[in-house]
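For reference, the structure I am asking about is given below.
Read from first to last, the chains carry the letters A, B, C and D; within each, the first residue is number 1.
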Amino acid sequence: MHIDTSATVISNKKIIPEHYKMEIYSPQTASSAKPGQFIHIKTSRTTSPLLRRPISIYMRDKKRGIISILYKTVGTGTSLLTEYKPEDTIDIMGPLGNGFPLGDEQNRIALAGGGVGIAPLVFLALEASQLKKQVIFIQGAQCKTTLIETRELKDAGCIVETATDDGSAGFHGFPTELLKKYLEKERIDTVYSCGPTPMLKTIKKISLENKIQTYISLEQKMGCGIGACLGCACRVLVNESQGSTYKRVCADGPIFPAEVVVFDE
Amino acid sequence: MNELSMEVRIQGQNRRALIMKNPVMTASGTFGFGKEYAAFYDLNKLGAIAVKGITLEPREGNPPPRIIETPSGILNSIGLQNPGIEGFVRNELPFLRTFNTPVIVNISGNTIAEYALLAEKLDTVEGVSALEINVSCPNVKEGCLAFGINKESLFNVVKKTRENTTLPLIVKLSPNVTDIVEMAETAEQAGADAISLVNTFLGTAIDIYKKKPIFANIVGGLSGPAIKPIALRMVWEVYEKVNIPIIGMGGITDWKDAVEFILAGASALAVGTANFINPNTPLEIIDGIQSYMAAEGFKNIEEMTGYAHPPA
Amino acid sequence: MNELSMEVRIQGQNRRALIMKNPVMTASGTFGFGKEYAAFYDLNKLGAIAVKGITLEPREGNPPPRIIETPSGILNSIGLQNPGIEGFVRNELPFLRTFNTPVIVNISGNTIAEYALLAEKLDTVEGVSALEINVSCPNVKEGCLAFGINKESLFNVVKKTRENTTLPLIVKLSPNVTDIVEMAETAEQAGADAISLVNTFLGTAIDIYKKKPIFANIVGGLSGPAIKPIALRMVWEVYEKVNIPIIGMGGITDWKDAVEFILAGASALAVGTANFINPNTPLEIIDGIQSYMAAEGFKNIEEMTGYAHPPA
Amino acid sequence: MHIDTSATVISNKKIIPEHYKMEIYSPQTASSAKPGQFIHIKTSRTTSPLLRRPISIYMRDKKRGIISILYKTVGTGTSLLTEYKPEDTIDIMGPLGNGFPLGDEQNRIALAGGGVGIAPLVFLALEASQLKKQVIFIQGAQCKTTLIETRELKDAGCIVETATDDGSAGFHGFPTELLKKYLEKERIDTVYSCGPTPMLKTIKKISLENKIQTYISLEQKMGCGIGACLGCACRVLVNESQGSTYKRVCADGPIFPAEVVVFDE
């Protein structure tokens, strides 16, 4: 495990309304990170907000020792993040969590992300492309102005599709509908998804209906972020007998096979 | 120059003692069973480890959300999720035994008989150095907290547990009472070897859009820096009236907080919520206390304990 | 569209009522006698003003330091510095009378007789709209807090005050108790027209270099955002058992906090420590509650009060 | 009274170790400020540190609508202040307090400041010079490296003297000793002082011994900063009968005649 209290901000820019990209110099984190993992950031230097904030790793550059994150300002912690300037030190802990399982078969995978949920999927898509997988990347957003630029993915050879709720760009509808269309017309070996809970529920349904291996990234309020406090419980099925139990999003997840996740308890 | 000793000894009544190389332990429920934090530092450095609260049977805990952040604090409603005593002894204790740091087992029950049984079962288990009775967990429906806010039931639960263990017995009190001194005195009379002060404060939070409490269980336990002034006051008060050692906790975040607790009357202290923010907190506190002692001329922890009280 | 009303009415038992144009008042001791804040905004906008605690004789208060900042909170040891009832009526009340905002006089005594006498003297003073009995001031040596933590003395002090006033009578409870519901029920039975929840929590802080408590008085009262979760829990609990209105306070900093208190069971609320950080807090809260009501379809405060409780 | 939640940082620079100067754009504050008054600053955007921090007005430029402050980093609040960058908004309240009484006679006054306590005295010296008073400005510091640049004062015609505890620059000793020497050799009409409490005690003694009108600036932990909470009490004598009472540093002060202040209770 790794706490880097001397990680350094390289850049921190608003890229679209309410969404920022921050690049952080932390060679150790950059070299060991796996797609789907997150860093746990101390956003303030005081006791308020008290807890760290989990943010997925969005991209990494092993050579330059840099990771980047994509974050949306929703409250105090993420607002404080926007105030970091280049050269500021930032206290991060990570990489944490299990990460997406990514076999090394040269197969076809589909990634469906909603909103800022595309962050870990971008990292995943880039790694998968390097493993010579065919990646179909579906980005969902509310409207054109909240679409995140995905040039890197196209450059890496991914098929990039977009869906907007209001139809202002790409497919008019949810990314899950676009995913369904794909599954109807071609073979996909594995699906990966991250986004708001209603979307993940739909993904689980699609996964079960299509009997397709699917991994989703869950969110939960976190205390420690490393598995010690049991604060980030999510309910999952444990075995054939369909018993269920609580698992820790931070340490047993955040990635779980869609079929084991119990929503709505 | 005389040597500076950080050792703390909590003497049990049965020739068994809890001997800690320094006064800094980790608070129950905030440190799991040590594994996660072992990835950050050598657990041998700690004074002691209090493990997550254990019950007779495994418990799956409360539904999420289980944590709500509040100003400089957190509310938790974990609900005593734990593998039960057998799971603990089988799967968790062996790892902890690989360190020479004493393990304090925090126990909770729904009935007095359960506390007694837990004490009995743990009495001769290798690698268990002390028991901490949790009579103050706000997150479960029955028992537990009820013992911590009523003098008679506190007396009974401590006494029965005492009768069933030869281990040093620590009683962890609930701060949700009018008179903490009275509760501490009761625990002392019933046979406690030390008092832990404090567990969490009952609090709640409401989702203003869903228009209901955020926790399924309505209330949760408040911990973290927010509660420090109250916890410290309780340590102060209890020190004035009680003769057994006090383990202070509640919002300790840095060595200065720790020193305040010792000067107010704590013989040892536990770091809880602060582990979540900075896993190295306990080590930084150990170093900080040592430097403070050197600078201020304290030779040992006993000398420092309660030093801020006016001479009797 | 139906009209939205923010009015709150606290009915006294003697055909006198405290009628507030909105549920937001300022908390005793944090707003002086209004003058200082009148430089920031029109005091007519407030639901009510609770003035600094008044005693029979003038009091000079405790020696400094009187304020210690704590994580998201403050400890205060003002010690009830006040001009005494005569000084108040002569020098402070005339200014407050120039506004059409009800004035709540917060009273403290060392003996029950003092409370009774204060009540009697204030009963027919023009410009006084309600009395708030402070039985929970931690900052004075005798009396006061003792009344707030003991059922019998609470009953007696409320009853005697009740007998000596025709004004709406608010009893402000100490949160430093095991069972706040019991205390609220006692106040209700003794004749209170409303309950204020909560006063400050007893806390302390130690100067680690001087090696003694920072306050001359050792303890002080903790207020501010740090205590909000506990205060809110107490409002929740009292609402379930008590029929008179609750005035909620403790760490309220913005309209969302205020809405939480109302949904938990408060009919009105007071802003205390937050005035120090942002003098406009009460006005921002009034606006915020109004927008929330409009957005969520609440027509009046009564409808909102306690809405988060499961239907009986 | 004035709260300026939209005051803007113009500059914020370390000038000597642990000491910063910040320029703040707030025309209303700049135009109404009097020497000895302070602003009450919300240093964090969260609830920690909770309270505002009182900082004296160091200089002002009415025309440009700018005030400046000189602050020393001693804890969380002042450390957070160092993170403000040009163009950041800063939440200030002020000007607060009574300010130094400054008659318009063209007389001779002596100002003695210790450490960062020179801040309000610089403002005072500049105003007094404009009123054509002869200003003797005595700056005390621990050593050469913590001396604050006072070019503006010299330009304005003040006599500037320095004293360092270690003798590394100027007079070797306390500023109070230097003041005494001045009082011995020439007529001074009024003394003004701000600095650490031990220094102020000495100033009071000097004032009584020399029967010279002296004003000192007191400090106390503050709650509201405007006179409402009674948190900032200091003990002062009220009348001939020598009765004493508590006054509020924030509203009745921070400036008091030295002879009425009761130290050490």
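Everything below uses one rule, namely that a residue touches a chain if its C-beta (ideal position, glycine included) is under 8 Å from a C-beta of that chain, and two chains touch if they have at least 3 such contacts.
Worth saying up front: this structure is predicted, and the values here are computed from it rather than measured.
One of C-D, A-C or B-D repeats the interface of A-B: more than half of the contact pairs, counted by residue number, are shared by C-D. Here the spacing of chain C and chain D, counted between their Cα centres, is 36 Å.
Centroids of chain A and chain C (each the mean of its C-alpha atoms) stand 47 Å apart.
Among the residues of chain B, those touching two or more other chains are numbered 68, 71-73, 224-226, 253.
Among all residues of chain D, those that touch two or more other chains are 47-49.
Taken as a contact graph, the chains are fully connected, with every chain touching every other chain. Chain A meets chain D in the complex at residues 44-49, 76, 79-80, 83, 85. Chain contact summary for the complex, chain A toward chain B: residues 1, 3, 42, 47-52, 93, 220-235, 245-246, 251, 265.
On the side of chain D, the complex with chain B involves touching residues 47-48. Across the interface of their complex, chain D is touched by residues 71-72, 225 of chain B. Within the complex formed with chain B, the chain C residues making contact are 68, 70-73, 75, 149, 176-179, 201-206, 208-209, 211-213, 218-220, 222, 224-230, 232-233, 236, 251, 253, 256, 259-260, 263-264, 292, 296, 307-308, 310.
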